């Protein structure tokens, strides 16, 4: 487990992010960015009201984002609760789209180790390619870092071949220093991805918090040679913001992270806004939401 | 996948398309006269000089060259305006005119930003987000002081001096004009301003704004020209006050010239600031501060953090992070909204910088430049740093005024204090540490006028600016910036 | 036939909105026997709602940069200048001569400009770096007090109101103002000016009504931090001072009977509604010649 994480200066982070947001992305570079972003989406439904039919509809959307526009990439994955993994698997057969499942008593993570392991195992056994776990924020705030570390390591073991995304729930951590510490713990414990949020807490993903995590990933890479992915999730609903996230990646971690193996967006409504912007770039006409399927 | 070396690959294949700021809305004349007594006046000599866009080497406009006679006219106009109108006007009314100038600058901010970038080569991001808003904010801030001077200097009955002669540099043309004019007007003085010869356009646009504001004729006069014009302003017998921003060499000439006269002087001169990184600092943000400290405005900044001191225990990490960050700096067309580092201001300045790069290498320094391409035309210098240096190297001692960083290491607090202060300059310094008590120790020990803690190159109209030692004397900005324009 | 004029309905101003009073009541002040309109007779509940709005606005207004507050105050003056004819007309309706009305409006505009200038300067006058004997960096700087109750003068409609409100909000306080009972027109129109001047909703709340009915609530409310009384009634002042004790409200009294006088333009009116905060921070002692340990 990492002994001490480096300090993070909030004002400096905000200044750096402001410079990113002042960048201008136009023409071909915009189209390229929009397609890249589409391809990085974990299309997500995590509602108490989810049903099999809803999940099937989502899987359909994932494979047919907007067939009127030829040559579009698909999203990276569909993200559901463990009990819908098999439905999603069945309905995504033949595509390259992965199935991700949230596990470990998502979203609060308030349960026993046994339940969390079982939750994970259930998703993995059903065929989940990726597991999105939540850390125990209560233990983290109590200073029980070893507990948090051990739990992640245990879940990682239970994942087998499935890739593990570790949700820090940054909106509950309070400071960038804490975000940095949680990132370092998660990576040391074996996370394949670190992820900002469950989407159930506000604030969810933000550019500044993502920058803090990207810098943690970069230091981890230089220190160990191990590449860890990044997934901001929640609150990213428009194309402009998504492109700014990609710029952060471009200028912090470069080419090796700028693909859906190592960068994901957790989002539900982002896809349609990206599509609207793509069609706008193509036709020159500002678009209406009525022309893009909602699932 | 083949086995990779551990390095960040910034060649992403996702390059941003050009995003040039539009120049269609700006209004520029082909030829500019002198602004004297509220009117545009032809120069006595009939001579004009070209002002060049350093990014394209193309001529933008011809500008009048003022000689001694023109300067005399300008001083007389300023004296007349002082005697007849400005010194008699109620202070609150004076303030309202300055507010008007501030508002007009805000209204025309984008036009001013584009012209500033064309004339001087600085990135539009900086002129748009820093130079112009700050310049307007200076007028806004000092406008409010006009009728409040008694509160700034209680029991001292502050009075204006008369005519102020002001000479501004080419690195922040409009901002420096604002730093000079705003406090002078607020304190009830009239002005003869001589902007730098390579970047006179925004000062001339300011003259148009001043006309539009209805400021009484002659309160602000703007005479363009080179060193001889500046000398005529400095040596004019009826000037009560000289304010100069520029090189230490010229500053000394001015101090010599005014010796024996009653002229008040403020000098804001060169610098060779230490930017000090301790091992406990937030290193990623410190690196951002190093970048901002030295590559802001191509390093054409008197307070640039040109001497970097890194604590030995984090030297490798900081250098690695710094080099990575340098890779994401976009160098090129200053009008492009994505440009981080623009054009070197003039051919002469580029030659000076190149000469220092040569000296640096000759003296054993190890040079590193970012892997960016630069345009064929125009004056460019890639972001540069030198390692393997010591205090005795010339590029550590002398002001380069370009995007060139001199990196050294240190072990202890006392060592870095000694090294940082081991310079004839004393304008600014930066300190990066997560420990407050260490930060305040360093701010107390640095012999410099501005100390930035965990930040760099921040400016505000309320915050005084100026140097110790050979970086000059007097302060500009804030309450303290009023004093050089007053007698008691 | 002559065109029928559209008559203005005078409302109160709470949280950036223009409701009528929740009580539904009105009163009809008269000038020379002529009605000035059906003016809202605000209730204690209106006041209560206004305090909630003022407290909510305190965070954003007090956290705005000094430069930003300065710009906003300047904007108020700009908007007022643009609508001066309306104010002159209302002042004349309330009994002023044209010359007096113009004088009042111009004085009000200039006074706002005056205080706009102080927003980013008053702390430079009132702050100090204190040379304490230990190795500490120690400084004192002002911060706004909080929510302020303001009772504006009775005898002027605009200049007294402006002279009361502007210095209070210059530092970042928010306020609830009870305006002149007999000359309420300019206050309501001034609320419209504030509303179009980038002043956040709730920073200034303006109530019309009976002083007798509202005064004790304004003075006793536990979430109000200070009170500005700008009238001359000694009995009312005493009542305020007594009621203020419960939560130690700072009570400030200005005699605005000569409200035009230059003495009513000074930064101490801002200082009256700030708290002084002192911060201590250690300074490590290591010099160029080595450390002191």
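Just a few scattered comments:
The first chain written gets the first letter, and so on, giving A, B and C; residue counts start at 1 in each chain.
In this section, a contact is a pair of C-beta atoms (placed from the backbone, for glycine too) under 8 Å apart; a residue touches a chain by one contact, two chains touch by 3 or more.
In this text the structure is predicted, and so the values were computed from the model without any measurement.
Taken as a contact graph, the chains are arranged in an open line, each linked only to its neighbours along the path. Core chain by CA centroid proximity to the global CA centroid: B.
One inter-chain figure worth recording: chain B and chain C are separated by 40 Å, centre to centre, where each centre is the mean of the chain's CA atoms. Separating the centre of chain A from that of chain B, both taken as means of CA atoms, is a distance of 44 Å. Measuring from the averaged C-alpha position of chain A to that of chain C gives a distance of 48 Å. Shared interface positions of chain C, i.e. residues touching 2 or more other chains, are not present. Contacts from chain C toward chain B in the complex involve residues 66-67, 70-71, 74, 110, 113-114, 116-121, 124-125, 137, 266-267, 281-291. Across the complex, chain B meets chain C through its residues 92, 95-96, 99, 137, 140-141, 143-148, 151-152, 413-414, 417-418, 421, 435-438, 440-441, 444-445, 461-462, 478-479. Across the complex, chain B meets chain A through its residues 6, 8-19, 125, 129, 280-286, 288-289, 292, 320, 324, 328, 337-338, 434, 454-455. Put simply, chain A touches chain B in their complex at residues 6-9, 11-13, 15-16, 19, 22-30, 32-33, 36, 215, 218, 221-222, 225, 246, 250-251, 253-256, 258.
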